[in-house]
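Should a chain be cited, it is by its letter among A, B, C and D, assigned in written order, with residues numbered from 1 in that chain.
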């Protein structure tokens, strides 16, 4: 079944659910799944509507235009996803392979509905892995003075490959605000249960604090380090028997799972940002 | 905020989401939360719609009648729940107090939106507990020949107290099909991760099988023992260090949590049965 | 079976496991469970040894004296617990009843091997609950000037009841360093996944940050607020549909479970503090 | 640090902990971790002792002989593992790649301390994957009449490669009792929470039963299908929105995690079988 999905956020207002349902219904679409929630504190209406494209009388390329009219009327932020689209994703990595391998493998099997034509790294270690899965691998090394230049090259690569989503898969560099302004949406995996242990060496900090659970957090990247809207989090149990290396090992399994889930939720049109939060329609 | 909630199940059909939204909207209601899903294998449309009663132009007692018209049209099974109703619940128990105490306490705090006027037991142990929370306690003991008679008395008690839901909170008796036919909806807690370890002594069986997780299952009661539609399940980790008594202890925490959650989901109109399954709108 | 349990912490040294086993064995004891771990970073040896008292030739009151000799030799911190002891526990609370009820109930059933003769509160709300379970309830209200005086009274109450452990069960006051110096061991439940959301209103902070899991942390109380050694932590899933009140409700279930588990681990001699961490022998 | 680990099971008897500690200590070994448990119902003593080989006066090849003497005395089943050994593992697979890829990758990174020189399949699909990781890939297809012959070939391959452990990584064939008798230890991953949904198509059965959690179970293979001693189990949440294909997708993540964990526990000498159960020393 080919479907279209509308993700909508607008100020709370009477009758909005009926209006969205009518938009689909009046063009011959059949809603197969929908989920609406009103956040009264934020005064936000949040919605995800998915419908069967069979019998829908608007062509894919015309849906945007038609919906824009209604969107303006209700002052909506919105996003449209077609189930047969395969957005192009670039993965940024450094040296650790677990998240990169997991994403490449899930894209290859079709579980993640994306193409990954490009892997960008600041070290050469992961070249073979990327190439094995048919992705172009570009290594751009930073030194004390070339951040601006390197980021320019990175942005050009993103444009050349029509990248719609960047995934930082254990990319051990801080992204500049300037890069952020010009890049498409960026998802990062942080190896702690945010907001605990912001910044570097979270497993060392977790070990030192003696926590009994460690976690990982996937979030959209914003200018404030590790402060962006959280998409997904999971934890796993640890004990006094685990040294820092054990936490790193246990954490890898959580990291790759959390990141893959966040990417899946994003590309299936299940995540709507509002304020510094997300609504996730699972 | 006072709300009404419609839980609807009907054969999959085009435009049904719009029809439900219009029903609320056309009478001045404002949907604050809705969730729809179509199960294409079962050809069932499943929906939960909750709306603010402020501004809604139908009186509570008139909603049923008005909706019945639409319901017939779309061949719907449906249920209507008002957030300010407090359905009367009877708890059946035997000797163990953990589930009973937990439910009585949650009702008392208002977390569970029910009244519990009646506790029925086949042993006298829990009388004080029930009375402390203001419930009538009735002990009816079974012997080899009186099941029919006792169940008759139980049914009379349910009628006398206008009971809408019966919760078997570690009630160590098997209910007859005849009782089932005449009683309101019944929810049971089974102390295993069904369908593993059906029947009695599941912790003994779990210990003997050497499982690494034990669980509990809350389900609607049907004539087939432990085979009714599952509402909620959880598990907890165990090890070779746990003997049967340890499993019982660890299991109690899971049992009371799972049962309370299932009762909450049911009374808030979040569980729709279809076939031998449930849709749970969390 | 009556058992004795030795909890030992000492500098890592060769042969220490054999020495502990020999101590028990040479007096006729039969070890039924033991667990040792060496933390090489901290250079600490950590051990829990439990043995059957049947056939053990030292009287309960003589074990301390005999072991003290070996303890000095190996520079050990240690603790001795007998399975038939019932240490006296005081619970400090304010207004919320979920943790207090849970602890009183678990003590009553014998699952927690403690007596709870005393409940101290800074508000009168929980008096009936405490008395129902046979505990003395003392309400001592704070004002701007009487903290020193009130804490003096509290300390006197602890002495009068031979209290060995104080449990802060949602006690909404900060304890003075002076009180800490004079009181027995104190365990607190903090309603967040520490070190995230230290201090007050953690559920508000969690909601505002948009986390996808909330947690609770039981820890020993030290002069630094919410910085003491962590005994146990758990989390539960939340979503954008949960407002602050929902987090509070969901959090209660985690809080009472985490606190009860921490108290159980402590009284069964399963928790050894070292540095600002704990070894937990489950 | 290079270590040796003794895994011991023997009838419960007085002084056994001291005897094991003395064995290590008397040859100059320093125990860095030990864990003992007595199962009084089964009358079994279960122990894992790990010690630093530095300063240990027995050569690796002499430890077996020396310990055999003590083992006979106490009637022990036992196993000796050296941390710098890399046992050779063969993986049997069919068509699904998630478990195979995960194990090959974990062996390559060194997280799993094994060598995987051989992948045996009954279909050709996974040849490239195996070869990419340097394993020999052998495809042996079954027909109605050749099971005996094929299993003979498989056993010869295991001998040729000095295989110590066989892992069935979604190998969709039932192993004969005869093969079992002659093969080394075999670990299987079953895609359900055993003992629920024994046999084939567990996800279909789980969907049909309407369970709210699905799981995976890693176990030693015995002649009774899916009845062998369980090593590890985990579950993940599902809902009415998940069709069978969704269960398969969600299940894959659990399967590979559970299988990798079971293999790790086994090769690190953390799993002792007794009866149809396991003691797992984590």
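Definition applied: contacts are C-beta pairs under 8 Å (C-beta built on N, C-alpha and C of every residue); 3 or more make two chains touch, one makes a residue touch a chain.
Because the structure is predicted, anything quoted here is derived from the model rather than measured.
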Q) Once the Cα atoms of subunit A and subunit D are superposed, what angle does the rotation have, between 0 and 180 degrees and to the nearest 5? A) 180
Q) Does C-D or B-C have the larger number of C-beta pairs in contact? A) C-D
**Q.** Fraction-based call for subunit B against subunit A, same above half, different below
**A.** same
Q: Please report how many Å separate the Cα centroid of subunit B from that of subunit C, as a whole number.
A: 36
Q: At least two other chains touched by the same residue of subunit D: list those residues.
A: 33, 37, 40, 241
Q) Taking the complex as given, what residues does subunit B use to touch subunit D? A) 37, 39-41, 46, 193-197, 209-213, 215, 229-235, 239-241, 243, 275-280
Q) Taking the complex as given, what residues does subunit C use to touch subunit D? A) 14-18, 21-22, 24-25, 30-38, 40, 55
Q: State the interface residues of subunit B toward subunit C in the complex, per the touch definition above.
A: 33, 97, 101, 105, 109, 111, 132, 241, 249, 253, 257, 282
